[in-house]
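You will see subunit A twice below: alongside subunit B first, and alongside subunit C after that.
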Partner chain A sequence: METANRQQGEAITPPAPPAARKSAICNLQSAIPRPVLLFDRVSKWYGPVLGVNQVTLELRGGITGLVGANGAGKTTLLRLATGQLRPDIGSVSVLGHDAWGQPGKRLVGYCPDVDAFYEEMSGRQFVCAMARLCGYDRAEARRRTEEALALVRMTGRSDRPIGGYSRGMRQRVKMAQALIHDPRLLILDEPLSGIDPVGRQEFVALYRELAARGKCLLVSSHELDELEKLTDHVAVMARGRIAAVGTLTQIRDLLDDQPLSVRMHCDQPRRLAAALMALEDVVGVELGEDGGLVARARNPRKFFQELTALVLEEGHDVRHVETLDDSAEAILGYLLGGRRGS
Partner chain B sequence: MGQPNLLHYRPWRGEFQEPLLGVWPVARVGLRMMFRWWPFWVIYGLGMMIFLFFFFGQYFLAWADTQVTEANVQLGGFGRYDPHDLFRILRHALKLTGNGETYRNFFWYQSYIILVILALAGSMIVGNDIRHGSMAFYLSKPISRWHYLLGKCLAAGVFINMVTTLPALVLFVEFGFLDGWDYVRESAHLCFGILGYGLVLTVTFSLLIVAVASWMKTTVPIIMTWATVFLFPKLVASMLVDGLQFHPRLRLIDLWNDAYLVGNWLLDVPPDRIPPWPQPAWYEAGGVLVVLCAACLVALVLRIQAVEIVK
Partner chain C sequence: MSTSAPETGPPAHDAKPEPENLTLHTQSSTLSAWLYLVCLSWQRQARVRHMVWISLALLALTALAVGVQTLSAGWGLEGRPWRSQGRWMGLTYEQALGETYVATSAIAPLGSPGAAGLDDGLLQSAWAVLQRSDFIRFSNSIFRIFVSFLLPLWSLSFGTEALGGDREGHNLLWLLTRPLPRPAIYLAKFVALLPWALALNLGGFALLCVAAGRPGLQALRLFWPAVLCATLAFGALFHLIGAYFRRPAIIALVYGFFLETILGNMPGYLKRLSISFYTRCMMYDAAGTFGVQPESPSVFLPVSGTTALLVLLGAAAALLLLGMYLFNRTEYVAAE
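Right after this comes the complex of A and B.
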């Protein structure tokens, strides 16, 4: 279709002279914002083991979840993005800067999943030391330390040694050091683990606020329920590759070989089941003991259109409709062949 | 934090400092850890006692020399002696003359303190970073792994110089005050010798401890490796050269002795005044130290990576 459009355009518009065409291309390129994070056919080996295999990924903003089984290559991907690792093939860039170089690193904030701090240091000293590593002078480092600690609500508690911190407080300190240089790209590895429910709400609000202010967040998490609350845009990794990228709905729609299960409650389930079986995309209907039925259908979008028409035409009294396997958990299970890391 | 307030973040308009300046914060974190560890102060206190022995020993001999006015004093049942001769003999016996041997001995004694503390604190300086994965905090910041390494070596180096070079310079100044301007003028080369010996110990020991700690990670294996590197070759070399009369070049396997030989050369100590005798040439010992440092660098380059190689 793209080719057809191009041919059509060429037929209408006379070809521009080379100089004008080059200028037009330059204008077009400058009009398109640069991706915040770009993986361009990246591969990374650890000796004979392939950690990441030909990954191409582009993030332009907002919050993106990164999910995958253990050993899928998530951590390698995050380390490549934060400049801790250099790709063997391909390139990783942050706003056009090589992620391995210092200009690239200045644009990235990283909140690792490890809880390994210097237990005898206070949270304030740790965050300040990290600020100095970012290249700020002493006064600016102190100022930013206070701001970052205030942002994660640790101002009053940050003079205690880290050894006495709870897991949630450690998460907050890690978050503070990631935010210390006001990075454009934030990479968060299991940022909500160990945080109490109230703290989670606070952090989810913080992440949304950061995203709303133009930050790009890449969040790796095994806690899919929390991730779903945060974003519906995910990148799924499997065996070192990006298995799927997009919203959960988009990814679910692409899973043709895994029919969507829809549970319905109505006054005449057998009659509705018979009508559903007549639909082209329905591959099975199961009657439940509670008076409900579960239909399994390919092409969910088309199925719901047809279901709506069916209910209206035949006058079914449908009281309840719910999809059973379009959650992140279920989608990941399908993508990873029923095997998902803890 | 229901509605996070990010308004106080203002864009940075200043100049970022060079990544090389990030070395000092890395070192400071390591030093802070070490200074908060009480055994450090106990062992450092022992080191300071050695320093105080040299400091007050020299001061006492100089003071006593001025207090005795008699030409001869009775020394028990051994007869009468000139007290100034007695002080001179004592000063030479204790090597408190302010020449190269004084500083050489001081460095030698302090080396024990350095070895013990570095063995105990190695895991704190760098081992825990690798063991627990804290390196991610450093390597995700705009510094390279070389800056990280340099910072860790600097932490070890600051400590080494706190124990050796700085007190030795204080002793030099003390001798200058006691013996007058002539001493400072005539012994200026010793000042450079002290700095050079300190530099040799700093580079060699800091690279070695960072390399050993990065591979061994925890305290007990670090101590065992450290002891094997320094004590075992020393015993073997002594047995081969002093006991079995093999070629003195075999002493080169004793790394401690190698640093000692280079230090003696820097402090202008004549070769025949270097116990135990015979010894290999200083440049051979220096060559061993250079090879050792190169090996440490290779080991560190292989080790200091964000992810360990999956076997």
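Right after this comes the complex of A and C.
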């Protein structure tokens, strides 16, 4: 989007003296709405381990899904957005406010995946306590609590101690507290886990309604199927980086357009190489010194289907298959229905 | 990599964008949130955990021991066996002093009036010390057991729980994701722990003093400011430990038992790094006129009561500020 903004600026602004041009660009920038959430070249280390690597991402509204394998950096990214972590390099801002600071937190509602509460409280007491901690007086906190509980359909069953709640009820209470201060940005970490199918439908409807009200939602999930019901727009994380972002169709097209390198080990690499070259989408095969081979193919989905058929039909003993591109591996892993790898 | 998210989800014409200054800004108050956090934390501190139970058990045990001592032999030396050169002479201190008085009176007319007057003065001094021996002995017990052991232990039972309990229970994220300044969260937790720590320390001390009878009441009247100041300093220290270490109770116990006990009794100036040293200095200063003093002042090297008071209050303030600074910078994340 940064690039897009710059291009727009150059197209609209006529040639002018530097001062006038600067002023015009400032005017133009003020006319463009600020991103709700902006990660600007963010890196985060945990000691020697790089949790998030040079991530730039901006959200302006609607629902964005965040998918990635365990350890891909999703939770770190969400914690940076909610001001629990501070980036080592770069910045995270919410409507222009630093996410770490108090003004940024006013704009964010967070539904964590951590299942920890003040267990001795009832759901109503807990949500009300969170409202009071946002600074509302008693009457306003109660009013907002009832509204939030009604939104998550917990009005009639929130007087028991949380310690006795089911996983789904606890998830609803977490969602209610995230909504309590009417935040502009909602960060939801695995919000549908533990919720029954009927509840999931209710929540999906709720998220859509919130998006319709102008909220910006960033929803993390392991399950692409789950996210596909919610939004078409996803960001795929792999090894601390945003591997791809866009609609699922865009990502699939992107993947199809770029040749993918796949390394294989089998008992007869030359015979397999000859068979692969006969495939329409294979653009090259290279035999390695270690007895393996590397194939470069367009349209990976089709390639893998054809490879599977080829191996079965001709009886190749393929012992190992791996993609050589981390991002593509991660995207493929999700698009082809697996967790990681091909 | 630069990536951006276009508007997704519902069509743009359905969206009702809200102003960036949300209603929260006008209807909410940081002060109100902070006061509520103090109240909430105070209530949650009432859920006594292991260390508090241990502290209460120790209080009961100590009060029982003090009560038994008071009811049986009492705290004074009058009825205690008199030992001379390590051997029991078959008399109590009171009897020995009485017999000495009788003997001195009998031979006084035979000697010079000056020598008789000197003997009489020494005997009167000995009587005066004997009459105050209950307070002196109880005070020494306080220094040995209460200041060196119970006070740190009781302080840590609430001090380490204030933030450490939330950290261990992974509940801290509820506070850290609220629109509250982090130093304010730290301060609120400290303010909330104080009533409990003061109740346990001052209340426990008062209970022990009451159980000791007359000398105990005198000790309570003289020593409570020192206990108050020590509670503030220990509370601030253990609150800091609770915020900074993953296993705060263990760290605080190690500190209490080893550093405070060993450091506080070392010769030289190293003991001036311990809180209990200044607590004892305040107590010695308050009770100096009653004959209470360090066993060996040249080794103990006490500071004046005013200096000790200032050091304790200054340490509490400095530790609190340091804790607020560190808490503001530290990242707390629950285990994944």
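Here is the rule we go by: the second predicted complex is superposed on the first by the 240 of 342 C-alpha atoms of A that agree within 3 Å, B and C clash if a C-alpha of one lies under 4 Å from a C-alpha of the other, contacts with A are read in each partner's own complex, and residues count from 1 in each chain.
Please note the rule applied: a contact is a pair of C-beta atoms (placed from the backbone, for glycine too) under 8 Å apart; a residue touches a chain by one contact, two chains touch by 3 or more.
Small disclaimer: the values here were computed from a predicted structure and weren't measured.
*Asks:* Will subunit C clash with subunit B on subunit A after the two structures are superposed, or do they fit?
*Replies:* clash
*Asks:* Quick one: classify A:134 as touching subunit B (first), subunit C (second), both or neither.
*Replies:* After superposing on A, A:134 lies in contact with both subunit B and subunit C.
*Asks:* Just subunit B (first), just subunit C (second), both, or neither: which does A:242 touch?
*Replies:* A:242 sits against subunit C, while subunit B stays out of touch.
*Asks:* Between subunit B and subunit C, whom does A:84 touch in the aligned arrangement: first, second, both, or neither?
*Replies:* Both subunit B and subunit C are touched by A:84.
*Asks:* Give one of first, second, both or neither to describe whether A:118 is in contact with subunit B, with subunit C, with both, or with none.
*Replies:* both
*Asks:* Which partner chains sit in contact with A:225 here, subunit B, subunit C, both or neither? Use first/second/both/neither.
*Replies:* Once the two structures are laid over each other on A, A:225 reaches no partner at all.
*Asks:* When the two structures are overlaid on chain A, which partner does A:58 contact: first (subunit B), second (subunit C), both, or neither?
*Replies:* Only subunit C; A:58 stays clear of subunit B.
*Asks:* By the touch definition at the top of the document, which applies to A:214: first (subunit B), second (subunit C), both, or neither?
*Replies:* second
*Asks:* Looking at A:151, would you say it contacts subunit B, subunit C, both, or neither? Reply first, second, both or neither.
*Replies:* After superposing on A, A:151 lies in contact with subunit B but is clear of subunit C.
*Asks:* Counting only touches as set out at the top, which of subunit B and subunit C does A:205 meet: first, second, both, neither?
*Replies:* Touch status of A:205: first partner only.
*Asks:* According to the contact criterion defined above, which of subunit B and subunit C contacts more residues of subunit A?
*Replies:* Of the two chains, more subunit A residues are contacted by C.
*Asks:* Any idea which of 26-34, 62-70, 80-88 or 170-178 of subunit B is the one running into subunit C?
*Replies:* So the stretch of subunit B that bumps into subunit C is 26-34.
*Asks:* Going by the contact definition given at the top, which residues of subunit A touch subunit B in one complex and subunit C in the other?
*Replies:* 75, 79, 82-85, 102-103, 105-106, 108, 110, 112, 114, 116-118, 120, 129-130, 132-137, 140, 177, 181-182, 213
*Asks:* Where on subunit A is subunit B touching in the complex?
*Replies:* Residues in contact with subunit B: 46-47, 49, 51, 75-76, 79, 82-85, 102-103, 105-106, 108, 110, 112, 114, 116-118, 120-121, 125, 129-130, 132-137, 140, 147, 150-153, 177, 181-182, 201-203, 205-206, 209-210, 213.
*Asks:* Please name which positions on subunit A make contact with subunit C in the complex.
*Replies:* On the subunit A side, the touching residues are 1-4, 35, 54-64, 75, 79, 82-86, 95, 102-103, 105-108, 110, 112, 114, 116-118, 120, 129-130, 132-137, 140, 177, 181-184, 208, 211-214, 217, 231-233, 235, 241-242, 244-247.
*Asks:* Over in the complex, which subunit C residues touch subunit A? Could you list them?
*Replies:* Counting only subunit C, the residues touching subunit A are 1-10, 14-18, 20, 22-25, 27-33, 36-37, 40, 44, 47, 169-171, 173-181, 331-334, 336.
*Asks:* Taking the touch rule as given, give the residues of subunit B at its contact with subunit A in the complex, in rising order.
*Replies:* Per the touch definition, subunit B meets subunit A at residues 1-6, 8-9, 11-12, 14, 16-19, 21-22, 24-26, 28-29, 32-33, 36-37, 128-129, 131-134, 136-144, 305-307, 309-311.
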